[in-house]
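Input: structures, listed below.
Shared between the two complexes below is chain A, which pairs with chain B and chain C, respectively.
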Partner chain A sequence: MSEEEMMEEGGGVVKKFLYLNRKAPIGTVYALESLEVVLIGAAFEQDVSMIFMDDGVYQIKKGQDTKGVEMKNFSATYRALEMYDVEKLYVSKESMDERGLTADDLVVDVEVLDAAQLADLMDDQDVILSF
Partner chain B sequence: MKFGIQVNEGPYQHQASDTAYQFAKAALEKGHEIYRVFFYHDGVNNATRLTTPPQDDRHIVNRWSELAEKHNVDLVVCVAAAQRRGIADADEAKRNGKDADNIAPGFRISGLGQLIEAGIQCDRLVVFGD
Partner chain C sequence: MLHTVNKSPFERNSVETCLEHSKNGSAILLIEDGVYAATAGTRFSDMVKAAMGSKTVYALKPDVDARGVQDKLMDGIQLVDYAGFVDLVEQHDRVQAWL
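== the complex of A and B ==
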């Protein structure tokens, strides 16, 4: 990466930020509040990636219906991430397999990585925010 | 080294806040800088001065306030997470029409941008939680 690419407008530093999402979308507030961080963080024009693993893969599952439990259904918001230039979305192959999910079950386009590939991806980051 | 710290869990319920405090204290004693501690999720409950633990237990909230005073550490509470959980300073209480505020000394309420900024400015951002 060149020196110019490292600097965003205004002379700020661009770091590699990874949001690691490990919790189911409802049941606890972690998923909802972590999505809020991603959306606010987009204004800082950092190099953002997201990983969905463990029960976190359910955050982006199609066909969520939360009416019965009176919780907010925010799954559509993940489809808007593209507009925030958050386009690097990864899911854990093992987490998907354990839950009988495939990429077709998800509301967004993702890259499926195995544990070793995810470890490499994490190793490559400057900042990892784990939720 | 310049550290940012994120605390994602409430006091007493979960050890994350204790561990974050011990980490911050040890880092300061070793001569490192704590750029900011950011309280998110139930972590915002670390910031209420109404906390009253039994006398033979540690006072988690006062411990953070004392650390802030002694070492000039910036303790930031996420405004959106705080509103959901009833943590307010005088301005927030007035703005939302509440009859009281409850923020402890040394804490301030601000936005999530403060967390991202800590990630950008610090050598390491350390997250404490599940």
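== the complex of A and C ==
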């Protein structure tokens, strides 16, 4: 264990976990799987961040109504993440721009970062889980 | 000919290839993640808008609603429900699916 690694209250190591989300929410199961892993991981009191980029930004688009396709609508669950102390949510500026989206279109408060800033953020992590 | 596209234009080139290889007068039906191509202000909006000059572009409303992009649709996109999907299939002699 390096000296930089923090200890959690129970004495375990706290690592920086990043969940990288790049897929649209419904066409594939990646988004739901990612969300479930984030929620499970939250129980272990780690330092969690999430990035939404490419079609992943559509995961947190407001106004999703899945009644017509008879599928589970899990978009509201992103709003519950802060209750699990998952509060570091980032979106790619370039991904938002090329989709005509702004932060107002999203169900959660996010920090919009450009590619260079996202590269720094990813470089700062201990573990990156990609979905 | 009725063309269906079910992939996001950002994820695959299915929408672009479909638009490039469909004849004037064709019907293009965007379904599943293909409906993202029906939204305004994207990298692909101009391409789709240009196609609407000679082709009719439809989007499947349940798939639009599920993705929350009902407030982002481009002018000129024709929304259809599942019954409308069936009508389109019935009205055209053939269906070409772009996956």
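Couple of notes before you dig in:
Note that the second predicted complex is superposed on the first by the 126 of 131 C-alpha atoms of A that agree within 3 Å, B and C clash if a C-alpha of one lies under 4 Å from a C-alpha of the other, contacts with A are read in each partner's own complex, and residues count from 1 in each chain.
Basically, a contact is a pair of C-beta atoms (placed from the backbone, for glycine too) under 8 Å apart; a residue touches a chain by one contact, two chains touch by 3 or more.
The model shown is predicted, which means the values in this text are computed figures rather than measured ones.
When the two complexes are overlaid on their common chain A, residue A:Ile40 makes contact with chain B while staying clear of chain C. Using the contact criterion defined above for the overlaid structures, shared-chain residue A:Phe52 touches neither chain B nor chain C, since it reaches no partner. By the touch criterion defined above, A:Pro25 reaches chain C but does not reach chain B. By the touch criterion defined above, A:Lys15 reaches chain B but does not reach chain C. Within the superposed three-chain model, A:Val127 lies in touch with chain B and out of touch with chain C [touch as defined at top]. Of all residues in chain A, only 23-27, 54-55, 58, 61-69, 71, 73, 75, 98-100, 105 touch chain C in the complex they form.
For chain C in complex with chain A, the residues that touch the partner chain are 6-8, 10-11, 32-33, 36, 39-43, 45, 61-63, 65-72, 81. Listing the residues of chain B that touch chain A in their complex gives 6, 8, 40-41, 80-81, 84, 111-113, 115-117, 119-120, 125, 127, 129-130.
Taken together, the chain A residues at the contact with chain B in this complex read 12-13, 15, 17, 29-30, 33, 36-37, 40-41, 43-44, 46, 126-131.
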